[in-house]
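Dropping the structures in below, format is structure tokens.
Next, two complexes with chain A in common: one pairs it with chain B, the other with chain C.
After this line comes the complex of A and B, so read on.
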């Protein structure tokens, strides 16, 4: 990442909402999630695909979701809905579409080409709707980097845990040891390509402790965000991303040092008597941006 | 009917023919400056009894004849048996069969299920109705103008005041008794139709000219281990087959909502309570049993646990959740005027700190001190709220009567912080109005309105605004939130009403009139 300030809006949480449930869609913005993910795929039965697509398209177009980032998970390229989903959803201008079951770069380039056509036909700036590529097969995971660099539209790689367990023939465990490689691979590929990386969902709504552990793991590994299947999961995910107080205090000092160095025209930044490098300064700025999401604007706000 | 504007710019009648004169509402506590005269203190009606007098009969008509009830008189019932109540239908049918006319029906409230009361209004058995609310068919019948004399709707505290002041003079009270002995000692804590507290009935028993305990469960004398209404207040014991259907009286334990919108609302309300600084040792608290309200209680409990806070008392209608908080030591006592669910009905006999209180003790502003006036925090629901924070819990967006006032205005007036929780819109109809259809609780008594979309604090409460802002709560101007919601829903038309025909009035707890309800067209 370049530049001092992280200008990307933070996207710690992505809240899935069934695309066929207007009662939930109308409240999408209120649950505190950084982004919402209207689902046309697994949450919607075959007979409701058309209705859900139309509903989501109208919601995205007509409703003001404020600062919440709106994305839509479409049906995969191996389904008869793929093209129609893109044709109706892209013109409603979500921030991104999540393309499921990306096995190879071709899956992404196919979506990319279609999206470009749709954008041209609708007089939209080319590339304005991004792609979040969802990797949920062993083949997809093994091609993570190739997928990540397959299109300039790609903004994020995301892990689809449920399908991956099936493909691997393994059980989902509470500790998630079965995903260790997939998680590491996705984060590494995404970061290498300068993308975000989003972790899979925690499906047991009654096990908030399990979610907290898994969210903590996602943060440690380097995921930039994690998906949620229920509004009650959002807080736990955000807590996992809360910056460490000690680290944050140091970040405030680093930023103060950097600003002082800039004022005084010094090239070298020194904090607590030690020299600080550029990437450390960038990270300090990012941390402070993140802290503002927790109501922490200055060092005095830390208790 | 001559109408006058009250301080909320609502037109209210100066007099209701057949009921009496009324003053317009001025402000929540204007009664403190008003010159009020107590009714002359009279002794209780005397009923000399011979030793071993037999009070028990199973002949309904005989019991009614003995009571001295005549056409044109006033009868009362309690609503503790809720949807399962079989006492009101039983007695009204008997009165109808016996040819009574023009009775005033003055129950503590009417259960949801009692649509048949509309038929007795149409037949002329009941020509005046005083209640806490009117729902279903009864609400529709009143709103359609099927009762000539406007209905007087009162809060629980307001009804207690009206009875003690003599505005409601009950001739015969028919009080369902889940457990009763042959001399009329009764309680709601036992029996097949157990309902818990008899708080509403206790007051009627004290003030009615004639009291009939209606029971399906005569227990050995003396009733034990608990007497809610003592024998010396009871004239007769009427033994019937059933006073109610148990499964509809004590419904299963009220569960905390899992609806994410309710939970978000509850979270916002809880955050406001936290910011208010009222959640400290010795605090007092009331919540309803509704989805979002009870969810607030769950957040409060977690907070008290985490911060080792012990409250003084919980108040009002008791759900199992509140009793759990008592038993787990989060509050010293629960003051119970009405018990909501099954888990609560026998708790009073087990736990001396689960205290049965009568409705005057609960909320009457004119006695020597009611519990609602000692309340710190109350969470209340709403059908509508307006930009001046007036709350409607009585009429729907179509103008039809469909709710009950309950203790809403009493606890809002008494509490240090009254928080209204409601969804921003229901079925596409926004909750915030420019003017509510019917004012039930004046905005001056409301601290804040909370929805899933944020917290609106009454501008009268600068203290609360400051605290909420300091806590970085999502505080919004109520007009801003109204606009935000209307961007989603549009603005619905006002219900069509015939403003020349008042079908009901809403009385403030002090006896002044808050608003009129009009015939729908």
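After this line comes the complex of A and C, so read on.
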């Protein structure tokens, strides 16, 4: 695993919120999501784009959302709002902007260059606002790795399932077989580039079982997080990321073993009679970090 | 310069509806459930935006419990819309 990813600020869930709805925005921090995604794109009608942009920019700039990571989905490079969105949103300093409809590396480099100009003009550290590149076309998926490495600002690749079904001419199914390739491709490209990978949304609010299955799949495939369209979906996503108790017990033993080995100056350790090397220790540490999000700090906390 | 009547916001809870119209001199009217608490805050923010733009306008605000950032954003948007495409950014 690359060291580029920030393991301290876990981002299991990203909760979409309509950008022109102050009642929702002002409660963004209370839903328990690791991050919120203020939407200026699909959730906002054409005639309210200016109002939503201004509202979101003020909220991001002036409201304290505590530990919640704040990101903003802007309108795509193929719209008349793209530049204006960046000009107003970047100076308000969100953690990242989600750039929709990334077809090719050029879409990202264009956003990157504009963002650098804006950061310079506002005396902000260069590269401080990250990009989450949203892939939602066949072309974008096929260029996933090139997009992933197209800018040092890119922190994550994300799958946009709704648009992708349209581009592929397929139906969204409950099992999601139509996205298997896209999911695998995005995770592989993201991990190869040392980035996070975020899964698409589950849109049927009444089907929590369906969401649970899809979130479990996302975790298995290697997605680091999943977007939510409603606060009621956050818990199911977090549950999917909850570490397995047996695995976690082993992780605590591995870390204890590794620490003992370091004290004694030994390079290689064995836990439960098996050899344990560097990557396994790293994975154990990551699992323990993740467990702390569920209130588990030590082995005794496990029931 | 204010060239036309424009509105921003809504009458949804936690929002406000701001109307800006051309006028010879600045004036403001406020209506909302918590007038006693929020009227002065709202007047201050609206005046601040109008002064920044040197805009004389008739401003009316129907407040549905908007917090300060919302109020500010809606007032700015209403002014920008009222200034038309040639207007400056607030």
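Please note the rule applied: the second predicted complex is superposed on the first by the 296 of 303 C-alpha atoms of A that agree within 3 Å, B and C clash if a C-alpha of one lies under 4 Å from a C-alpha of the other, contacts with A are read in each partner's own complex, and residues count from 1 in each chain.
We adopt the following convention: a contact is a pair of C-beta atoms (placed from the backbone, for glycine too) under 8 Å apart; a residue touches a chain by one contact, two chains touch by 3 or more.
Treat the numbers as computed from the prediction; the structure is a model and nothing was measured.
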| item | value |
| --- | --- |
| Which superposed partner A:230 touches (first chain B, second chain C, both, neither) | first |
| First, second, both or neither for A:295, with chain B first and chain C second | first |
| First, second, both or neither for A:26, with chain B first and chain C second | both |
| Touching partner for A:63 - first (chain B), second (chain C), both, neither | both |
| Touching partner for A:51 - first (chain B), second (chain C), both, neither | second |
| Residues of chain A that lie at the interface with chain B and also at the interface with chain C | 26, 63 |
| Residues on chain A engaged by chain C in the complex (per definition of touch) | 21-23, 26, 50-51, 54-55, 57-59, 62-63 |
| Sites on chain A touched by chain B in the complex | 24, 26-27, 30-32, 63-64, 230-232, 295 |
| Chain B - residues contacting chain A, complex | 260-261, 263-264, 452-453, 472, 487-488 |
| Chain C residues touching chain A - in the complex, by the definition given at the top | 8-9, 12-15, 66-70, 72-74, 76-77, 80-81 |
